[in-house]
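Scrolling down, you'll hit the structures one after another.
Shared chain: subunit A. Partners: subunit B in the first complex, subunit C in the second.
Let's turn to the complex of A and B:
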């Protein structure tokens, strides 16, 4: 999901859209420039029991990988 | 003759058509320009009025007007919903079988609140996003409510009028206090966002007020399903809550005509340039308001401000002049917080919302807008709005200069 240039709630909304259609084991990759995206997504992963697999600073944006390890349906 | 077609007769479509009729009146009278507005409904709603219908008992018809009476001379209103938008043939076909060729097209088809997307939601929840009649069902339910748990849930994002779920919680709190049964009612607020309001600075104002009023917030709650029989709402994250009355903001998607025409993204929103409001890759085609995919609030104010840009740019194209404008992302969403006070969520693309104190003046501003909405649709209040909103648009050259800098 390329969310660069989109501010809260843009990146996390895109994450939820991907999560809604994801299967267990899928990895969601999200690119964001919103400074709040990293903390918001980390908090969501912790609360929902999903795995924040990797966060890396790229040139001008942050790349976030979330592995879907918990989902009701 | 130049053909201008506006599809959708909500706030953005009606206002754009009126601005074009005002600017191009002579060309229309001289037969050089045709201006057609394609709409599905004979009556035009003031959508923010749904909150008053739901939580203050306003009559459902209070916020409806005949569409034809809102239009300027020169606008040909076709009460005949668009069936297909064909970019390749540059024409719109209607359900009634009309074929409307266009040189300039405005897509103002809005967003659809659709409770049927989430299992059990349509049966288990009431809402104030699908029209005045559905909003009045909330008011009726509140009259019989004596005690128990009321849940306000945002089923998924994005949705129309971002502050409206918070307003609903504040208005519920006020309703039950006035009724003298607040201590018997638990109000839960379920949101998919990380905080009580998605924008952090606004949440810093709203969250303490929710605390003070005893409105309980659960964050990161993406509604997965509702069990109407057992009155239970469950999230994709695995949490469940019981309710006695559920008021849910339904998931939204783009208009059926956009989906059917294959011109939207996966959610049915039209890919649009967030400055010029041009539909990507389609010369002479614009989209405004809730119909677009741009990352800005789905609200009437946004549609209104984008309409000014689009009408200007179409006049510019029709006359062959070169002073194109771009929208700067200005939003200005009022949020009523109870006790005749309100805040405004205001921002642009370049500046996120600021924190602010709730005030009665802001409440009066919000209420005043409900009264002047109908006049605002014909464009006669633009000077007042320009003063009120400040900068909302800029010459497109500045955008190009910024990109090349």
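Let's turn to the complex of A and C:
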């Protein structure tokens, strides 16, 4: 998901849309330029019981991988 | 120790906590934060309620939701001497500027944010007293509004959760 240029709550709501249609075990890849995205997505993952798999700094944006380890009914 | 924090993390993930946002203001700079917190809370698994009272009711008024404004007077954050805010057209200008900046940050419009909130399961409650005082019939409310309630219902919805007053 390319959320570059989108600010809070954009990246989180986009991530959540992908999460809703994802299956257990899927990995969601999100690109963001919002400086708050890293911490916000980490907080979301912790709160929702999903796994923040990897965060890497790319050129001018951050690449975040979230593994779906828990689905809410 | 590590085990304990692990346990706490798991607990946090399990519990469904509540969030009640009481919106009493009807300007763009008040409505946006309320909706941002509400939608984010919903994605984090919180049970989210929004209560619209006084000017906050304008945010769910069909006739006003599409034209939320930023106040140019009495707003010390404006980048100009406050008295200039009284010049006709200043509020419209400040509003256009803010809308432009919001669009640039890809923040959805207020009506879109309401649709999103609704889709995420946020519950919207209108204040009955405000409707009477302001003369707003139920038909004037946007269809996303769940019900018309009073303070007792509102407080019981927020019981045991976080309450934010805007």
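FYI, the second predicted complex is superposed on the first by the 72 of 73 C-alpha atoms of A that agree within 3 Å, B and C clash if a C-alpha of one lies under 4 Å from a C-alpha of the other, contacts with A are read in each partner's own complex, and residues count from 1 in each chain.
Following the convention adopted for this analysis, a residue touches a chain if its C-beta (ideal position, glycine included) is under 8 Å from a C-beta of that chain, and two chains touch if they have at least 3 such contacts.
As the structure is a prediction and not an experimental result, all values here were calculated from the model.
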- Task: Go through the superposed model and pick first if A:72 touches only subunit B, second if only subunit C, both, or neither.
- Result: both
- First (subunit B), second (subunit C), both or neither: which does A:48 touch? both
- Query: Between subunit B (first) and subunit C (second), which does A:24 come into contact with in this model arrangement: first, second, both, or neither?
  - Reply: neither
- Message: With both complexes overlaid on chain A, does A:10 touch subunit B (first), subunit C (second), both or neither?
- Response: both
- Query: Counting only touches as set out at the top, which of subunit B and subunit C does A:36 meet: first, second, both, neither?
  - Reply: first
- Shared subunit A surface residues [contacts with subunit B and with subunit C]: 5-10, 12-13, 16, 40, 43-44, 47-49, 70, 72
- Per the touch rule, the subunit A residues reaching subunit C in their complex are 5-10, 12-13, 15-16, 40, 43-44, 46-49, 70, 72
- Message: List the residues on subunit A that touch subunit B in their complex, please.
- Response: 5-10, 12-13, 16-17, 19-20, 36, 40, 43-44, 47-49, 70-73
- Residues of subunit B touching subunit A in the complex: 156-158, 192-194, 198-200, 219-220, 222, 224-225, 234-238, 267, 295, 352
- Task: Provide the residue numbers of subunit C that touch subunit A in the complex, in ascending order.
- Result: 9-10, 12-14, 36, 39-40, 43-45, 105-107, 116, 120
